[in-house]
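Below: a set of structures, written as structure tokens.
Shared between the two complexes below is chain A, which has chain B as its partner in the first and chain C in the second.
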Partner chain A sequence: METMTQEPFHYQIYNKPVRTERIDHLYHYVGASKVGMCMERGRIITEVYKKNRYWPPILLRAVTLKTILEQMSIYIMPGSLLAGNQASKPNYAPLFPEFAVDFLEEEFIYGRPYFPDERPADKIEYSREDMPELKEMINFWKGNTHKDRLYANLPKEAISAQDDVGAVNIVNFMHGGCGHLTPPWPWLFAHGLKEIIRICDENIAGLEMWTIEGMEKNRFYTAAKTVCEGMITYAKRYAALAMELAKKEEDKTRKKELMELSIICNKVPENPAETFYEALQFMTFVQFGIQIEDNAQGISPGRFDQVMYPFYEKDKKAGIITCDSATELIENFFVLLSTVERMRSWDDTAYFRGKPIFQNLTTGGTDPETGEDATNELSYMIMDCIANTRTLQPSHYVRWHKNTPLEFKLKIAETIRLGTGFPAIANDELYIPAMINRGYDPKDAADYCIEGCAEPGVAGLRGGRTGAAWFCLAKILETSLYNGFDPRSGVTLHQNKNGKDLETFASFEEVWEAFMDQMQYYARIHVIMDNTTDRLWEEYMEEPLTSVLGCTLTCLERGKSIKRGGAKYDFTGNETIGTANAGNSLYAIKKLIFEDKLLTGGQLKHALLTDFKDMTTNPTGAEIQQMCLNVPKYGNDVEEVDMLVSKVLESVCMELPKYKNTRYGRGPIGGIFQASTTTVSSNTPFGMLTGSLPDGRSNGMSLSDGQSPMRGTDTKGPTAAVKSVSRCNNLLLSEGSLYNMKLLPQDLRD
Partner chain B sequence: MSAYLAGTFSKKDIDWGKKMTENKEGIIFDIQRWSIHDGPGIRSNVFFKGCPLRCKWCSNPESQEVYQELAFFRGKCIGCGRCITNCPYQAITPSEEGNIIDYTICQRQCYQGKGGYACTSQCYAKALKVIGEKVPLPDIMKEVLSDSKLYEQSGGGITVTGGEPFTQPDFLLELLRFSKEKGLHTTVETCAFTSWKYFEPALDYIDFLFVDFKLYDEEKHIAYTGTSNKIIKENLCRINEYAKNHKLTLVIRTPVITGINDSEEEIRLIAAWIKEHLSEVHIYQLLPYHRLGRGKYHDIGKSYELEETEPPAADVIGALEQIIRSHGLDIKYD
Partner chain C sequence: MEQSAGLNRLVNLVDYYFTLGGMQIQFNVVSKETLLRAQEDPSKYQNLIVRVAGYSAYFVNLEKKVQQDIIERTEEKI
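Moving on, here comes the complex of A and B:
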């Protein structure tokens, strides 16, 4: 056995990426540009709002986006075969002052807690010369942003649940739109945006403009048309730029490439795409356009291998593309998507460490028509592209099912083995029935892709609102132990119905009752926060481009945006975290206090409130912590504790769908809340807010992520952990079930 | 294709009619799921306690004695002192560097079945642990079978290791028979220092057998392991005879210890011996010495003689493996 010091990287198997000169150059070109702040979008939107701020919101949003697309700086990276950019430089994040400026002021102007370029992590570069202008911009928006409206609208207890107690959190959706969707690529490629414009014109012509409904629809179609025109202008600007660069270019090959790119940018997205290259450029423009509109995350290319394969096959037969040239184009596409950045407040970065944007590609899976395996040549090529580019964006999923070919499974395993974290695996046999259970048509469910962290949707059919509020079960359990009191903030929002606490609970049933009571209370707060956000988005932040490119056919047919019920399917998600901590803690209480009677509730309560540090008690705080730690934990294939964790999760899954979202009854199928276990990195900041727990976890330590076992407590190896995780009723997690598994590199060696 | 998929799992004539002795108990000290270096596929290792050899490099010193032993994991100790008051024999005393255990007292008392390891009864941190436990066969099988789906998919199964499985021959036989009845692929890791009368009946239930060949020279074998290798060589020849007309994969392994058996001459002698006597062996694998077991000596109050020994360098192993290949033998089994 080699020692670990002989490992080239302790975290990954050494294997050099294979890149063409072009891709390698682009990769380093993007890498050389540090993360920064770009003023342009903020500047343009401020001007537009100064002129038109009292327009009907959807028209205002449309003209804003169109102006941005017409005026923003554009560039084509040296050697790039594709065009598109979100800000003035790679890795620069545009400003979205219409959503929030408070953190911009705190951080950029006052350096509280840090100036963004001095942050301990996720630094953002910026020019101090821009600060007077930024200050002026902030002053214009202050008090009239989305976040300001939210704070003005939310009930006090909801704000307190987020800002004091820290049991739920929607900060992410105060800073941007909701995103999380996949455009209907085949329809878009087949028709082009000019068809959308035509449909809008046709519909406008038939509207009864004297009715309220007619007026509303007129606004929507006019806005949709405006943004599509903006997109076409945006593309044509690249066409002109490519031509200009071609004229100056001395290298003959590059000159030819730029001329070809110019022709393509003139053609798409206005017109249908006819080749693989055109389709890819079309997709690139749409990806950037939607993200420029409202800072949304989870704008996903979706089932890339399925969507692109017909073009690939046709071009290959015609001899205009090869496996190698297509691979290079896809890699170019990946590198281009990796230039996208999002401006997050310092607080928010803790929840999204490592800057995830969630532009998700989903590879493999089944054919919804035949039910057969759908793996194709592109599926394999995508795995190669992941290995070759190793960019943080886009993110990748593969769909895994019974009939996935063994060689593709091996290819997936080889790619995962590199240690980039990609691709993640989505289990068809779980996701599809979970979606059908919520009302998806079986064929639509079979065509699902991941949009965001682990949330499923269907291209062109699901609009919003995946990945809604964080819902911290560990914190909620903590409050139930103190009759609703939160020891850290000193706030009590809701007392247990049985009025008891850890000292006075007479049975485990009473503990469970109290936990359910708090869980239901905070679920209601969660819904209030999400529905208020949705309502305000609908009233002030409508998204004409996201709607018309995200849920094209239903939005056009109904003449309304996603936020008003334009999608075929619409569910509001949830992100449940700390499940393992809550379940393990309940089990420890059950075992230590009510079964083995090693401790009284009073003793445990005192130990928790003193963070296991009081050495004057008998047993001492440290001993009590060890007792807690050594109670069997979820993740070791121990049925009793696993079933309790499963019951905890199931209770959330059953509670949330009792609530309707703001689109219920307005068109879409669904219109309810549903649960997921996506976490991103929020288990760390939520952990900082959560005190000592009966599972033995100390005050402030990170919580468990997703539905994974708590770190360090699954000691029987991955096979036992997988069995525990699969004991959860995953069928109910229709918004996605997430298990993060880490393996030792030496276990994955040859 | 995996052994499982190839159908080798059902190769034996299993006496289905015969009732398994379910009430048998074995002394084991661990069951380790997700074992991927002890036979094909994903396996569960069952560690038997007790071994007739005393190899100086042994990486599982807690496996050597067949009786229970006390381990003290110092890193876990929170210094509450309950063990000191709970031990009726005053075997534990506090000190600046943590508790000190007088293992000679443990050997006279708890190791002889007296006392019941009272020191562990209130050790909430689980720093004190009794190594080795009598476990009924059905309990072991339940744990092993909980990963049976993964065995099917990966071609894995059960691996019986230790210690030396043949120190508990009756129980080993029952465990193997039971495993075959459940359709599991079986692997045994052995030093082959046992009576043939125990080995022979077990072979019918073994799919894959690792036999250690530690040193060629008998005197040296005695010096470093405490036993002669004569019986081992004899048993190997008998196993080879058996393998001629039964489906059994036999793999020879040598732990390569710097300064003891890492010479080219040593490996050449063993490889040549294999070629001469073991027609059914195609794989001869080297296990480079590692120091992962070192801390465990300390934990159970034993001393480690190879403190200064370094793991062999990669190029040393490479050269030795070249010698093995030059004898027409493979160095890997999958």
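Moving on, here comes the complex of A and C:
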């Protein structure tokens, strides 16, 4: 590997991971299994729906999941100390035909635009022999999927805003559930699922079954009980498998390990977990169970160091665990989580390049009771586990606050230096007040963890809708420059109230007014899309397991699922894209046209519509592009442009909470929309849909990511860049902020 | 801890950003040279992980445009 040794100070490559033999084998075992498609879940759900499709949805969903958990293939990886799987092989994605089959037909059957194993990226292997069965499955579901219902329900203008203009997009939520939550681990570990079943039985016994409310609650409790029974069966199947493997095993140590695993799988999640090992196995089952239910992402282990520490401390004192054995178990857990895969359409992969699953693990932070720093031994061990495993899942965050010990900060920095992008850092002093500002109890807010990209939640308390529609400010700005007209699709959905365009705006105020007008219009479309999706989820795609394990106590108390208002806190998120492009463009218009008067609006309009390529004008298109690029940009500590970017973002942050989600007034605190600047990889596909912009960006180029300055335009060093980004009113970004910075390995070397 | 001057600078940058009112930050630590080499010869860089947005991914498995996005991000000197 000659190239590797020449690598300029690249830690990730030349600092080899330190793994035990077991973890190394597991890592390579998973890595050897290519990403593939697993037919099993699709096959089982199709059979259940053939038999029971007219049942009340929550009961149908419950019996479906229970049947899947009873029948799906299970395996225990060689050497693994933990059990659990989502599909028949590692890295295989189960099918969720109840959500959408159109892309399965287009891609798997017809190869349009590609057969999944021939995609240019994010390839999915599959067996051609399964295709006749898949075709039959598709035919059963066609016309009756969640996506079909959405297209039938959404107003035409909302569909056009997504499919023609490309200013908002919700495809991700047409293909699966929302997820984005953290189960209340301490409660689950202390009680076990048998306690949930007991509570359900107790509630059922007291229901007034002759009332509509009683009947609805009966459905919920019956469904919750059914899925918990399914989970217990799922675990006991592993217990039997482990015992069977133990009997055949010749290696004495492994035989003993498998027997111990068998005992644990018989015990949890039915019963409370008493040891670190049992709690971890409990968590593993729950992680997989929820992800098998409805293709959701962002199912998060949450504040792992806080939740697991009491078990670790107790076991260490009792002499049944050591730092090394716990580290190996955690690493084993990471490798297991990394086997999870999600089936996405080719179109959707553009928004989620590299197949993120977002099982987020949060380390550090404060104790919500005392407000003191909560870093413990496990916090440090997790950083080592990241360095040792280098798996893409789970995804990692640390909470950083005034009293985080310097030693831990340095440990975090050392982990970051490795270059895997883990962990990302959340500032407690912003996240907590931002949550309190939306109505969280201060103690709950202080216990937050990240679920998804950067969205805060609290274990067991937040549910509803964390991820939500993409909202492309760059595209929205573009339409406001042409009086609502989208040059690429030729569609006008909403004309500017002032009826003006770039050629006729008389002042910068009129430009701003038009942008606000379009922003408000598309925000309304965004809300229509999300609330329609939620309503259809509630009506047809109930999630009994996600509800009862995600927001356990409130769902059980109210006798209803999360989508009907079962969570303590419920907010619908947002994903704002192209903030830097929109702000920079507005500033360029202000400078070039209205302040310095170097160009007329007409000249700029023509240059944009010809992608800065018309060389017959004076100045030429290329010269105009250069003028646009020369205007100061966000990310360089230039207050005027930074404040404009901040104002753009603030306007979104103020607009969205005016809207209520479908759970408003039905139990949860919140019930409104709130903004974030998470983009995943959507800045690329949205860039392809967005024409040339006044910031000098050419037609089709990727937009700025997250809340970051437009790449390559932040040239005054990191201090200037962070000053700019922190000028945004981040307190209002209660759904999370995302800022990417790239550093050079050699700068961290000394 | 060995080699801690660079790490201290990183810690100070995060502290400074957060004192100013920054909410979240995440880092790629990789040079353009490495990324370009990985693009040219993916087989040798199968395990190279980069931060895309709110997640990390294997660089060589990313579609070209996303790779380009990461390559073009400013390399900040600290």
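Quick note on the criterion: the second predicted complex is superposed on the first by the 739 of 750 C-alpha atoms of A that agree within 3 Å, B and C clash if a C-alpha of one lies under 4 Å from a C-alpha of the other, contacts with A are read in each partner's own complex, and residues count from 1 in each chain.
In this section, a contact is a pair of C-beta atoms (placed from the backbone, for glycine too) under 8 Å apart; a residue touches a chain by one contact, two chains touch by 3 or more.
Just so it is clear, the model here is predicted, and its values are computed rather than measured.
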In the superposition on chain A, see if there is space for chain B and chain C together, and answer fit or clash.
-> fit
Which partner, chain B or chain C, touches the larger number of chain A residues?
-> C
Counting only touches as set out at the top, which of chain B and chain C does A:L649 meet: first, second, both, neither?
-> neither
Looking at the overlay, does A:G717 come into contact with chain B only (first), chain C only (second), both, or neither?
-> both
Mind computing the angle chain B to chain A to chain C from the CA centres, in steps of 10 degrees?
-> 20
After lining up the shared chain so the two structures overlap, which partner does A:D747 touch, if you call chain B first and chain C second: first, second, both or neither?
-> both
Pick one for A:L738: touches chain B only (first), chain C only (second), both, or neither.
-> second
Contacts of A:D122 with chain B and chain C, given as first, second, both or neither | second
Across all Cα pairs of chain B and chain C, what is the smallest distance in the superposition, given in whole Å?
-> 5
Intersection of chain A interface sets (partners chain B, chain C) | 1, 3, 717-719, 723, 747
Can you name the residues of chain A that touch chain C in the complex?
-> 1, 3-4, 7-13, 120-122, 349-350, 353-356, 358, 390, 392, 395, 400, 406, 409-410, 412-414, 416-422, 424-427, 429-431, 434, 452-454, 635, 678-681, 683-684, 687-688, 702, 705-706, 708-709, 711-715, 717-719, 721-723, 725-727, 730-731, 733, 736-750
So, in the complex, the side of chain B touching chain A is made of residues 32-34, 36, 42, 78, 80, 82, 124-126, 146-147, 150, 287-288, 290, 311, 314
Would you pull the chain C residues touching chain A in the complex into a rising list?
-> 1, 3-11, 13-18, 20-31, 33-34, 37, 41, 44-45, 47-58, 61-66, 68-70, 72-78
Can you name the residues of chain A that touch chain B in the complex?
-> 1-3, 6, 619-620, 622-624, 626-627, 629-630, 637, 716-720, 723, 747
